[in-house]
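Let me begin by handing over the structure; questions about it come next.
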Amino acid sequence: MLDHILSILIFFPALAAIFGFMIQKDAIRAYGVSVAAIEFGLSLWLWFAFDGNVSGMQFMENLPLVPSFGINYILGVDGISLFIIVLAAFFTMIGIASLTDTPNEKNMIITLLFLQMTMVGVFAALDAIVFYVFWELSLVPMLYIIGAWGGPLRIYASVKFFLYTFAGSLVMLVGMLFMAYFYYQATGVWSFAILDWYRLILPENLQLWLFAAFFVGFAIKVPMFPFHTWLPYAHGQAPTIGSVILAAILLKMGTYAFIRFSLPLFPDASAFFMVPIAIIAIIMIIYTAMVAYAQKDVKQVVAYSSISHMGVIILGTFALNVEGISGSIFLMIAHGVVSGALFLLVGVIYDRRHTKMMDQFGGIAHVMPRYATIFGIMLMASVGMPLTINFVGEFLSLLGFYQQSHILTLLAGTAIIVGAIYMLAAYKKLFFGEVTKEENKNLKDVNKRELLALIPLSIITIWLGIYPKPVLEPINNSVEAVVQLMHNKATSDLAKERIPNLVEEVVVITKTSVQEVH
Amino acid sequence: MFEAVAFYLFAFLTIAMFYIVVTTKQALYALTALAAGMIFISAFFFILGADFLGAIQIIVYTGAVMALYAFGMMFFDTTRDVKEKQGNKFIIVGLSTLAAILVVVIFAAPMVSENVVALYPIVEGVGNTQEVGVVLFTKYLIPFELAAVMLLVAMIAGIVLAGKKMDLSLTLMNSEEIEEAKKQKNKKVLS
Amino acid sequence: MLAPINVSLESLNLMTLAPMLIPVVGALLILVVDLFKGGLHKSLYVVISLLFLFMDFVALVDSSEIFSQSGITLGVFNLMLIDGLAILSQFIIVIASMLFIPLAMTHKRFHEFSYPEFFALFLFMIAGFQFMVATDNLILVFVGLETSSLALYTLIAMHNRDKSFEAAVKYFTMGALAAGFYSFGSMVFYALTGSVEIHQIAAILGANGYADIGYVLVAITFLLASFAFKLSIVPFHTWAPDVYEGASASMAGYMSIVPKIAAFVVAMRLFEFLIHSGVVWLEVILYAFVVITMTAANMWALVQTDVKRMLAYSSISHAGFVMAAILIGTTQANTALFFYWVLFSFTNLGSFSMLWMSRQKHLPDHQSSDHSYDKFAGMIKTAPVAALIMGLFMLSLAGLPPFALFWGKLYMISSAVTGGYTVLALIMALNSAIAGYYYLKLVVYMFMKEPVMGNDGQVYVSNATLALKTIIGIAAIGTIFAFVAINPILEFITAFVYNSGY
Amino acid sequence: MEKFLYIALFAPLVSSLFAALFTTTKKKTFVGIIASLLIFTAFASSSVLLAHILNNGAPIHVEMMTWMATGDLYIPFGFVVDQVSVTMMMVVTLVSTIVHIYSIGYMDHDKSFNRFFAWLSAFVFSMMILVMSDNYAGLFIGWEGVGLCSWGLIGFWFHKESATWAANEAFIMNRIADLGMLIGIFLVYWNTGTLQYDGAFEAFKTLDTATLTWIGIFLFIGAMGKSAQFPLHTWLADAMEGPTPVSALIHAATMVTAGVYLVIRSNELYDLIPHVGLFIASLGAFVALFAASMALVNRDMKRIIAYSTLSQLGYMFAAAGLGAYWVALFHLMAHAFFKALLFLGAGNVMHAMHDELDPFKMGGLKKVMKGTFIMMTLASVALAGIFPLAGFFSKDAILEAAFVEHHYIIYSVLLFTAGLTAFYSFRLVALIFHGEERYKLFGIHPHEAYKFMLVAMSPLLILAIIAGAMKGTYYEMVISVLPETEYHIHSHLVYWVMTIGTQLFVIGAVVYAYKKYADWKSVPDGSSDVEQSFMYKLLYNQYYIPYAYEEYIVKPYREISEIFWTKVDMKVVDATVDGIAGIIYGTGEKTRDMQSGNLSTMLKWMVAGTVALLSLAVVFGLAARNSDEIVAILSALGVM
Amino acid sequence: MEIGLNHYLVLSTILFAIGLVGVMKRKNLLLLFFATEILLNSVNIAFAAISHYYGDLTGQMFAFFVIAIAASEVAVGLGLLIVWFKRHGNIDLDSMTSMRG
């Protein structure tokens, strides 16, 4: 079973979703929770069985799909993707468990299970086309979730989300086809397998173009400035669960893809584009943070904050060294947990008051102290308080990028300032002051169902903030392999200079192991 | 010389006739001019030694087609003046003049046509009809038969479309109306 | 005197005629049956047609075996040409027809299906298409084209309502003009080369080194215009939306597939050698055609209020997309053309069948046309399965993986990339994104809006019978599980196209 | 000994978590008691550690577990107890214990009593991490942790707008500085490969001065924020919105001195870059004077004390900048005692006066609040640096250091400031405790605080008095870590003249203050000449710096944010996207007329298409046919 | 003056252009069909001429089939017109604009 655990992880929810059509409406939530729990259990098993000391792919599966065109169903995980898969399973579980106030609950849960399939698929796929399939497919459930359960502008928001991402990924598809074609030219065989592509060293000018093509797809997904405007709409209109999954997992696809595709495939281009991308990342950080500060809708604040944090992730990714990339991967998980939790939290008051406008609140820390506490924890995590999960990622990302550019890191570091500004301002507007509105005087504090989702998230937030090692170590091992690969593949001087060489250490390790053998 | 005279004469006539066809307001004139033009065209065929074709032209066009059109005209009652609202004449005239000039410009240039080899050469001393027959029933047997199918299709189409069964539209009637109609007519019209 | 002609029967290779003759025989049989006993139920004719189409299919399998053994086969005075293109396109024609004909078994009664002649004409039409693709003689192409077209005009008109007549007249008139263009173009080629066989034309032009390039271009222009009409390339597309709207939905679906693949095959035979001979002009023109057709049709599809009309424009756009294959002209591109069309057939027939299934005879007040968007509002609530299937077809048409059409797009864009048409590949990709919007619009209506008052979902299946459901089921399964069959189909098509020298 | 280290470190955490359990329940006195006990445990453990250090001097160094490890980066949770950190630990735990006990009384009537202790203990924990960490990253944890707790405590009464505003201001301003700190940390890492103090210090010796300077500057920027140095000082005065025990603990004794601690801790770095040290010293001296000047006229009791804190921090930086780290640390310690005392006393007064803060509305309180009066007076004496109280020894040492190092400007500024310090301290004392009972005008009935609160304060009082005596022991202890710099003024004459002169100057200021304010009669209403003068207004309005910040930074930030959102994001970025979609859609809408539905038009389109193709064909054909001529013409024209 | 192939081609083209004019100009469908007949006929002349000058029969064959096609078209076209006329009483193509956009 372990040999096919990834396939099981991908298709179990889908299968369960299909069977879900047969379930009675009343029982569907129990069904959804159990399926998601099993899935989560499986993902934990995957983690348990995962060998953190191995840098390469594990649990590989390979099934020919269109062999004549080089498309194969190849799956595998390494430290980079493992935790996002676990996170996806986790969020689906708590998302379903904490669903409130949803008409057509059955459709929602079935959709969520399908969404889970696509999410796991994206992160487990090792074939570009399979990756693309899941990447695109993930749009559909999300489209439905936003469009069917969203706010007043839901249709605009959902269509915008879909088309924007779709357009970007089609450009990416062209890039993939080019990549496969180059592989074909080089070897005479079609292949879309990422691991095969890794072996290909492309001339720099081609790298630049291909990088740009992939970039469009990924940047829209992330979303990077100036392609970000779909996100506030999507978040603003989506139901709570939609925002949670979108922020926690779907956005990570973009950044994950940067690490999976852009960096190892185009090391020279990555080095070449490092500075422009860093500048975009900095714009994302500062500009969107300022925009977030101007928001009146608390959900929009969190939405824009996501963009801002994604800026840090991008920056870490393009640090091109182990510290930065590890940090950015860790921050992906961290941001997933934290922003997911924040959206859940916003959902809590939305469920009670059916508004997200901050001027409708004020002083609710008096009436909802537990809620205020948990919100406070997540707020602090969001602004990067040490000993919370976010700090580890942000610290490493910025630390990593500092090697590349001092001044840009200094600018990017303002993330910790501007982040604090909008977050604290929003917190103040929501929780502090006297309770002015009559409706707010009798708000109920978080109930058990909500705590069921929020408490685990809080625990993770702090646990991984204090002890990130179980996650960071496997990430580190895989990232080291990626960085080494990039260094080896790099042809331009610039890239050689920017991407560190880890090989000495690697050689030492192999030597010792050899000695041990003898 | 004779050839040239004949060519220019008939060319003038056909052009004139066809010009009338497309410009006249009298449908009857148009029909007549078309028929005349067809006949003049058959003259070209004769000049060019395509006797069989010339005959066919007269029989099919002037005989069958024109007769059909004549019947049609009577049916449609278009013997009166045809009123046609014209939009932008400039487009029409401009486009067609341009087309004509362009093609004429090209055709005025000599054609190289070096490697042309006649696949089915015209044999001296054999009647055109005979030659045509041979080619038609060997090489072009299949198109010939298909043309027969095509004519069958056209025939069926004509019958179906012009037939009485089309007067009632099952498409537009709901099931009760269809039942009603069935009782009244009780014919295979409504199979 | 002419020498007597001796022809041995073996040299005629009459087997090459078999696939075409079968539907002709079927059509005649139907006519004869009707002659002896009129007023029989349409199911009889449906089944007869299916049987003959099935025989046709078997005959095709037979010829495909012959082809894979002995390569390109000529027959009947070298007029018939059985090569990979012919076989592949006939497969598509016959299979699409088999999927179409059960759509006659509607719950409601429609005019055309009460005529046995409908089925006869239908089979004649198939024979016409088959002749058209199985030859490289321009005369036979012309006759085949006209046979099928005339039958098609009639089939459209037989739906018997104002819009269908209007559609038929429009189609017919423009078809007549296109026929004029075709004959003119052929005439110029004949004038240039003294031949009407495409391989001969190619050979002679090649031998001349395209000395008369001006004439060649005139010939191409007229032929291109006539095929652009058939393939609904902008600006020759104007008939398509009206005809699709006027025809019944099932017929519209059929029209979006079968006549076009036949035209594509002929266009491929005609233009491919020119592209390969370096007629830059043609490349430029085709490039412009592809881009304009895709983009403009997409733009028009965006603003439609009727689903069928939207699908009409979408079909135009797809045709433009596929036209790129002829421009690119590599084996992969030509393979992609057939590959795309196979997948497109399933999806498009499926979506038109869904419209067909929901066809009303009398429109309620809120509905402005047969299949206006608001008709489908809130479908997920009233008819969830139908909505899911319709949504599936829409997503497939939009090129969303892993549904059928995605693989076609993938391979087509890949062929553009491989062929060096990078910008074209990008334009194709981005056009798919534009197209996404209007397909999504229907999805939005179905899944995200509230149903119109009093709509109990009955309307969406009002026309449903087992036959229709089966066809839709087949189309849906084909659309979803296409990825399983991609490899064999692709290998099959590649082998056939490659062995035909394209 | 490690056991004690962990107890000292984690007892506050346990306390905090314990109190946190009751945050949403009603006030429970035992929460305060248990919290105090746990903090006292930490204090006791720290004392044991101090004894240990005093006995044999071997620092205790433990590594609890790995925190972050990736690439070459390795950051453990490591803790070190050496002479410097143990001093800080003592200060922190001692003041904390007292403040905790005091708070049981002070927060007696507050419904969020439990929450208060949760935050307060959390603060102690963060502070312990800050001082005990053996690396910069750990220090940063504590650094941010205290910032967080400070936020929570300043904004403790979150129903007050001003409190929450001040909390956010403090947090954000600290964040600005933290960025500098972070950059400093990055610089350390990328230049030395480690963040451990010992490893980094070792590596600093091999680095070039430029790099070191940058490291020094950035770390100091961090320190500036936490220690509220100019220009990041405004938050400290506003932070007085928090409960007074908080002010005593955080904004006087411990957190604000973290910056000083950082500089002291990094003494090996700053020793290598004396020019940066000089800058620090100069800034410190400037801030000392600057803050003192603002304290002169302020009419808010707590703010006056806050400015005084600021001023004293300036002293500490001056000392540290000049390399007199041990002096700085000593002043830090002494200051902690008397300033905490002063604040707690102020808390008593506030309680008595029902949260009235304007000393002009008090007066004559010594009759009802004898204990508080004595304590505050003594604390002020200590603050003023009058012999033989703690302030004298520490402050005098700073002056000496400045003098010996020949930085006479700094020396004279500091000296002058000492006079100001004395003046404003006793202005406060005089206004509160002496003169007429102006509070009666406002119908307030003051009362003395609980006894146990006064008892709790007493250790501070004692320490404020006797801390000077510990100087020798202290010096012996810390020189094993800090540079051994003994400041001896070579000439005894000069020494005595200076000392006595200073004392006289200070006492003169005290007397002047008493004279001026001891029998103040009325509450000023802003109409007097002094109050109309420019200098008064300037000082009263804090040099208009908060105003300037509000006007030129906060408002523009808000406005730019608004513009970014409504104009740039919505009108440019998003509108572009929608615009592209709109153009596509609009083109479709406009050109759909091409499909007029009229057959004639359709036919015309077909013909037009053909003709267009034909024209292109002709052009191309002619060009191809005449290509030679065309080339010739073009080349003649010079095109090709 | 020798009449060459080009003369015929030019004639054919002129007639074709006249046909095009008719196709574009005519609003009466019956008269429009006349114009399409002109198109086909003009091509036939050219075919016959080419056939003559090349001495090849294929052109005549083509012309032959063109005639057949023209005849069939007439049948279908008239059928359509009759149906339309029966319902609308006219054969004016301006009346056929129910579908547009």
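Which chain is which? They are A, B, C, D and E, in the order written, and residues in each are numbered from 1.
The rule we apply is simple: contacts are C-beta pairs under 8 Å (C-beta built on N, C-alpha and C of every residue); 3 or more make two chains touch, one makes a residue touch a chain.
If you're wondering where the values come from, they're calculated on a predicted model, not measured in any experiment.
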Chains touching both chain A and chain D, listed by label: C
Distance-maximising chain from chain A - centres being C-alpha averages: B
Among all chain pairs, the one with the most C-beta contacts: B-E
Farthest chain (mean CA position) relative to chain D: B
Geometric centre: closest chain by C-alpha means: A
Inter-centroid spacing, chain E versus chain C (mean Cα positions, whole Å): 26
Whole-Å gap separating chain C and chain D, where each centre is the average of the chain's CA atoms: 76
Whole-Å separation of chain centres (CA-atom averages), chain B against chain D: 98
Whole-Å gap separating chain A and chain E, where each centre is the average of the chain's CA atoms: 65
Where chain D touches two or more other chains, by residue: 581, 592, 595, 597, 599-601, 603-604, 607-608, 610, 614, 617-618, 621, 625
Shared interface positions of chain A, touching two or more other chains: 163
For chain E, residues contacting two or more additional chains: 5, 9, 16, 19-20, 23-24, 26-27, 33, 54, 56, 58, 61, 65, 68-69, 72-73, 76, 79-81, 83, 93-94, 96, 98-101
Chain-to-chain touches, reported pairwise for every pair that qualifies: A-C, A-D, B-C, B-D, B-E, C-D, C-E, D-E
Contact footprint of chain E on chain B as seen in their complex: 1, 3-4, 7, 11, 14-15, 18-19, 21-23, 27, 30-31, 34, 37-38, 41, 44-45, 48-50, 52-53, 56-57, 60-61, 64-65, 68-69, 72-73, 75-76, 78, 82, 84-86, 89, 91-93, 95-97, 99-100, 103-104, 107-108, 110-111, 116, 118-122, 128, 131-132, 135-136, 139-140, 143, 147, 150-151, 153-155, 157-162, 166-167
For the chain D and chain C complex, residues of the former touching the latter: 581, 584-585, 587-589, 591-592, 594-595, 597, 599, 601-603, 605-610, 613-614, 616-618, 620-622, 624-625
Chain E to chain B touching residues, read off their complex: 1-3, 5-11, 13-22, 24-28, 30-31, 33-35, 37-38, 41, 44-45, 48-49, 51-52, 54-58, 60-61, 63-65, 67-76, 78-83, 85-86, 91-92, 94
Touching residues (chain side chain C, partner chain B) in the complex: 1-2, 5, 7, 17, 24, 31, 38-41, 76-77, 79-80, 108-112, 114-117, 120-121, 124-125, 127-128, 131, 135, 137, 139-140, 143-144, 146-147, 150-151, 153-154, 157-161, 164, 191-195, 200, 204, 207-208, 211-212, 214-215, 218, 248, 361-362
Chain C-touching residues of chain B, taken from the complex the two chains share: 103, 106-107, 109, 111-119, 123, 125-126, 130-131, 134, 138-143, 146-147, 149-150, 152-154, 156-157, 159-161, 165-166, 169-175, 178, 188, 190-191
